[in-house]
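The structure appears below as structure tokens.
As written, the chain order gives the labels A, B, C, D, E and F, with residue 1 at the start of each chain.
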Amino acid sequence: MAYTSEPWVEPPIQAVHEAVRRALEEDVLPIGDLSAALVAESARARFAFVSRRDGVVAGSRCAIEAFAVCDPRVEVDWLRPDASRVSAGDQLALVGGPLAPILTAERTALNFLCHLSGIATLTRSFVDAVRAVSPETRVLDTRKTTPGLRALEKAAVRAGGGTNHRGSLSEAVLVKDNHLAGVAITDAVATARRRWPGRMVEVECESLEQVIEATDAGASVVMLDNMKPAQVAECVALIASKGAAGRVLVEVSGGVTIDTAPEFAIAGADLISVGALTHLAPVLDIGLDLLSNGAS
Amino acid sequence: MAYTSEPWVEPPIQAVHEAVRRALEEDVLPIGDLSAALVAESARARFAFVSRRDGVVAGSRCAIEAFAVCDPRVEVDWLRPDASRVSAGDQLALVGGPLAPILTAERTALNFLCHLSGIATLTRSFVDAVRAVSPETRVLDTRKTTPGLRALEKAAVRAGGGTNHRGSLSEAVLVKDNHLAGVAITDAVATARRRWPGRMVEVECESLEQVIEATDAGASVVMLDNMKPAQVAECVALIASKGAAGRVLVEVSGGVTIDTAPEFAIAGADLISVGALTHLAPVLDIGLDLLSNGAS
Amino acid sequence: MAYTSEPWVEPPIQAVHEAVRRALEEDVLPIGDLSAALVAESARARFAFVSRRDGVVAGSRCAIEAFAVCDPRVEVDWLRPDASRVSAGDQLALVGGPLAPILTAERTALNFLCHLSGIATLTRSFVDAVRAVSPETRVLDTRKTTPGLRALEKAAVRAGGGTNHRGSLSEAVLVKDNHLAGVAITDAVATARRRWPGRMVEVECESLEQVIEATDAGASVVMLDNMKPAQVAECVALIASKGAAGRVLVEVSGGVTIDTAPEFAIAGADLISVGALTHLAPVLDIGLDLLSNGAS
Amino acid sequence: MAYTSEPWVEPPIQAVHEAVRRALEEDVLPIGDLSAALVAESARARFAFVSRRDGVVAGSRCAIEAFAVCDPRVEVDWLRPDASRVSAGDQLALVGGPLAPILTAERTALNFLCHLSGIATLTRSFVDAVRAVSPETRVLDTRKTTPGLRALEKAAVRAGGGTNHRGSLSEAVLVKDNHLAGVAITDAVATARRRWPGRMVEVECESLEQVIEATDAGASVVMLDNMKPAQVAECVALIASKGAAGRVLVEVSGGVTIDTAPEFAIAGADLISVGALTHLAPVLDIGLDLLSNGAS
Amino acid sequence: MAYTSEPWVEPPIQAVHEAVRRALEEDVLPIGDLSAALVAESARARFAFVSRRDGVVAGSRCAIEAFAVCDPRVEVDWLRPDASRVSAGDQLALVGGPLAPILTAERTALNFLCHLSGIATLTRSFVDAVRAVSPETRVLDTRKTTPGLRALEKAAVRAGGGTNHRGSLSEAVLVKDNHLAGVAITDAVATARRRWPGRMVEVECESLEQVIEATDAGASVVMLDNMKPAQVAECVALIASKGAAGRVLVEVSGGVTIDTAPEFAIAGADLISVGALTHLAPVLDIGLDLLSNGAS
Amino acid sequence: MAYTSEPWVEPPIQAVHEAVRRALEEDVLPIGDLSAALVAESARARFAFVSRRDGVVAGSRCAIEAFAVCDPRVEVDWLRPDASRVSAGDQLALVGGPLAPILTAERTALNFLCHLSGIATLTRSFVDAVRAVSPETRVLDTRKTTPGLRALEKAAVRAGGGTNHRGSLSEAVLVKDNHLAGVAITDAVATARRRWPGRMVEVECESLEQVIEATDAGASVVMLDNMKPAQVAECVALIASKGAAGRVLVEVSGGVTIDTAPEFAIAGADLISVGALTHLAPVLDIGLDLLSNGAS
């Protein structure tokens, strides 16, 4: 079964331009691609990006851009857009034209594609596991992203069916355990509510008492950190008993695995955030296979 | 047992500056850290970076830089430099000073530290496994690095005891299977030798015939792609029989695992390159634990 | 009466560095400051930044940075931090040291200071006018900021006692009239809610019908565009009648003036957004006055 | 009456590229435009930029570039080039194509257009007022520009019929009051003349004595700071009596208003510099009005 | 006799984009080209780049890019690609289109073209002199390049038939005299060999003893610094006597001139490195001559 | 005889920062300085920059910055500032500290120092030759600078006693032969005068008729292109006969050599511009000599 890509899952084009420019400069300066320059100038070839595993595609814009920058004569026909589910052996895209620039862009394109598709694939598996038991529960990413690639990795999470948590420290309030060294929950929420009307104000809670304090203070999300499913269910019930269900979302966080995620969903979590989506996702193994070659 | 860090394992300071600047801009613009601004201005605290697992440290310069940029008053005492082996529970560094900027830099510092230490840790396990059976065989990285972070990831490989393959397409010649769509091995090596005296000229070989051709053509390294240990041993013997041992290094590549790496080493490989070092390394789990807090 | 500055009103230091670097490059490249180089190398002087009008300070970090970049020997003693109310004739800061670099940095420092203090001053007047009649109503900025200066202008709004609306298109959902050319309110809110749990989902409404639709759909803010105070009061009452008061914030927007803002506050608006804060604020007239001079 | 745009009034294309890139990154990173992504992918629409007030256009290149970067499929038909006088209700340009990217670029385009047209409009009113009484007198801008936007704002001044003073500290010599803390006028002019032949050497004068000193020293422009028209006339007569009319231009500066500018022109000023052109210009109110919409 | 350009001599396109962007910004900001804006908007013209001297072309990509950035309507027909030998009076390229942008880009294009062709021309003369007596000896550049232009200057050396030495400190090991203040040759080579298998490990030698030490230690290149041809021959013989000919390349360096280069080649040097190629090359005098003009 | 440096000859610090950052990134990324990392960590040394030739110093700020960036522990004691005349064998500066970072920064520092001192030295020889016969005649640079280094090269010209012509196309008007394909001299000057009051308006003239036209039109400088000294004297006389001496400066340009420059000065030229200053200056040979070494 294939998913068709929707515009909102794609990364901002500005992030694509910048990241691909940087990656290519990293790989070809100062002298250029010594090896690709060995092939005959007239050599032309057609290749296919082929997935070696089942997975979900992300990063296609970056791959397309890498070829376009190296040589606008390279033609890329992208068959499976971001968010597509693919099976081992599936062709993702066809690439044809002069051989040398294709070889130069190959590794840059693959580095983006494999890394981001790996994130999409892992996200998809969490999302599928959770939706199977609780269609409304969302799987969220975190700020545990690779430095410099946040925009692209957040887009890969969307490609995998996941949901983006805040994009940066500047977007929303999240009071974590280490903040409590300098402020109490009630004060933090009150101040945040006053300063930032309309924004999410979330509090990390490690006990039922903290959940009560955060809820009473007016938090919009409580993040239950490292709790067991039974404890989560208890917190959910507590919030409901206060008539705050819906108004206060319950997020579960901390060491969630593909096995425990559904249990948290069943326990009533609205949101399950998984750092692993971006910082533990294995790459999706994708290769660039030669289809045909000749001379122009 | 601890390793002391050597200067050559550290990343170029230029790469550290640029990557940390970009990561912090990504995380605090445009409004700043909404949450850290909630703590009392007078709040001060001391924290320790603590490893939750056994591993090898990398990325310490990036972590130090992240705090320095956010607030020069934060004091960082780094205990375990890059390349140190650490055990679960070990303190890596102490961080003290005003609470708010510590909270702001925390995630950026951890993102570098966990990602790069993960690479160093995986590298170390490959290096240890290989050295146990063949002290002279080297474990190499590849160009399968995260876009924009090559300099830092290559340094993390060195921190793990690994060896850096070429830094970019511009540094050395490596003729791979896809190049053969446009040039023959003998011609490629001859041209490369003429154009780039002194540089490594490597050829990816999938058969004994290609090994013979590459060796006769004057390659300095043959990369045996996806061969079994027995085939590798055969190639090594062949090269020796040609009196080219030492002059032609043998690199094994393609799907090498921690289990198969020692087998390839025993089979006589000089170099074993492992893409997984940089693109499949799980992060090393490191946390920032509160030691004490108060007000100034 | 003076306000003391709080950390959360200050701009991210990253935005300060970047903007000041750019401004100075713009002003001194390629040859340098021809005029300042005419003064004797030994000349030293002390100056004061003096406000020519009553107002509110913003941009002090930028001013400090401009001198530091031009010559670290220049000493700046900042007396009135961002968010301070000042009267005509008040000294904001003292600047002393070698004369030439002070002259070079003078205009850059003033350009930031006058522009950003102008925004803070205008914001303050709106905030004071509104708070006088409705202490809980907040005055918000918009995305009508000067290109390239959003972070600094949003901080200036905070310095003036104002509240920041979303920092960018990436932060929150705001469905405006032009969006309705491609989606219906109900569908937009439903999709936004599903995709972006926890984020603000706001809808611009031009009629009571749209307010009803947005409220029923689950919007967290309704923006009443170009309505009269009486209409606003009607909408507020409507939302209250649906039991959605508090859950659905009411924002008034569109041509709000210092005279009409209090009327909207009285009518029950929670939020009043004023594009003028950033795009119509007259600069605050500040000068750099010579206090004394001599030779070192 | 309409003015047709001339190439020399347009900003350097390099300044346009850089400023628009920065503005869009500021507005869409890291996640993209959440709201525009809600509209149907097939939605298409036609809009017109419409001026809500009489004014003069500037910034059209920036607006065009903003759409082009967001999506090259958006078509922009610019009707009224920079420097055109427009009346309230006039269409400036037509914009058509896929709805989503038009919405994403809308605010960035308007921010440039309104800000820069505001400068052009205010400049035009000063120029018209001055030319009515003295066709040869020029209205000049200053270095009181918004940090980072000098090139664009100087172009907007030209679009309004104004004249650019020096572009930076590096271009020309201007000895101001604060410089006199470290050098005497005669010495400053002599040194400047020797170092920088051919460049403008200007001296700010606050008295007749200083005008005499500057003229005798060989200044090419005397800037009369905060003088009354009668004093200006006296200075002009003095310079004429020295036979220096034409060789020494007379610039009036300091708090010039639309009312006093003609008086200074009549008094004989060659140049009238007005900081307000760039730092006190109200935005020109321009909107993007929907003309039609549908689906492709 | 003309040489046709080969792809490998061309600079990486990324270096071209960046350098041309910077050069044009340097020349046209903030106000633009005041002089070109004086010509009639309808003026069109055709020009030819004409070499005033015999030489070798380099930098054509930069020249083409300069016109493309200033105005895509300018058409450039490049007749003599990089690496072409040209005679005084030869046309290198034809340039036609609107006059103003051609004038704006002219100097930037010429600055690249004359500087880089100067390098190619000087390189060619060294290469020709050396090849006449020893076809296998290579002429190498050094790291004595103009800051910021290394990639382009290294490409110009290739265009002149020269060979690139290491591109940066990061690529290969070269132990020079000043390094010996901190490490002995034998240790340095051993460490380098262990750390960087496959990379060139070169040692600068000032005596026969050092050559012996370096060769025995396993250096891949010995750089004979400031030796006479007879001493070079002695070193070459020594290396041959050790059976290391071919395995250890002999590089001559230090004050090599067009007269002494052939002597070193005859003496048996494999490589002759010449700092002068990049830091002492006189520009090749090239002009842009008007062919015809008119109005469109 | 030594010249002491004056602040106005130094480059803008912004240009120094940017150029050194770029140069070091070019030289040490991605892996760092492989060779310097071979020396013992404890190794320390003292070096001196020593000139191998008589010359004039420029670029000292860049050299200082290069060491500071690589390691702040390196101490640089600069003895001979920019604009100092030095003799072969003179020490320019002392450098001491940890050996490895000194070696890493060495080539970058020397590349700036040799290149820029070469420009200062050549400039000085022209200036001395001209001043010997005509103390008031100035030697000017041109826009024939190395792309990306204009600010530094213009400063080097000042260090050599030379005078800067316009810094960019944006600063002053210069109508050259190719402009005449699109505008007549009289019209160009009139338009330029009207648009750009106070700025230099210069016209390149190839005949006496053009000199007359330019003078009558009101040019402030006539550039006599490729004329002989006798023709120049004729033009000077002509301008004097029109009573325009002093008002219209006479610049000689085009292939001026050290031999012909004094002849042009005697012929009455006010300004002699010499492209060779920046594009044909041989580097000044400077080395970094070891003074002592040891271990810390």
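The rule is simple: contacts are C-beta pairs under 8 Å (C-beta built on N, C-alpha and C of every residue); 3 or more make two chains touch, one makes a residue touch a chain.
Values in this document were obtained by computation on a predicted structure and should not be read as measured data.
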{"item": "Pair with more cross-chain C-beta pairs in contact, given A-E and E-F", "value": "E-F"}
{"item": "C-alpha-based rotation, chain B on chain F, 0 to 180 degrees, nearest 5", "value": "120"}
{"item": "Mean-CA-position distance for chain C and chain A (Å)", "value": "33"}
{"item": "Gap in Å, rounded to a whole number, between the CA centres of chain D and chain C", "value": "23"}
{"item": "Chain C-chain E separation of Cα centroids, rounded to whole Å", "value": "52"}
{"item": "Geometric centre distance via CA averages, chain F-chain C, whole Å", "value": "44"}
{"item": "Chain E residues counted as touching two or more neighbouring chains", "value": "8, 12, 26, 28-34, 38, 100, 150-151, 164, 167-168, 170-172, 195-196, 199"}
{"item": "Of all residues in chain F, those that touch chain E in their complex", "value": "19-20, 22-23, 26-36, 38-40, 43, 45, 47, 62, 99-100, 102-104, 106-108, 110-112, 114-115, 143-151, 168-179, 181-183, 187-188, 191-192, 195-196, 199, 279-280, 282-283, 288, 290, 293"}
{"item": "Complex contacts: residues of chain F adjacent to chain D", "value": "8, 12, 138, 163-165, 167, 170-172, 195-200, 202, 220-221, 247, 249, 270-271"}
{"item": "Footprint of chain F on chain C - complex, ascending", "value": "21, 24-25, 28-32, 34, 37-38, 41, 69-70, 100"}
{"item": "Residues of chain E defined as touching chain A within the complex", "value": "6-8, 10-15, 150-151, 154-155, 164, 167-168"}
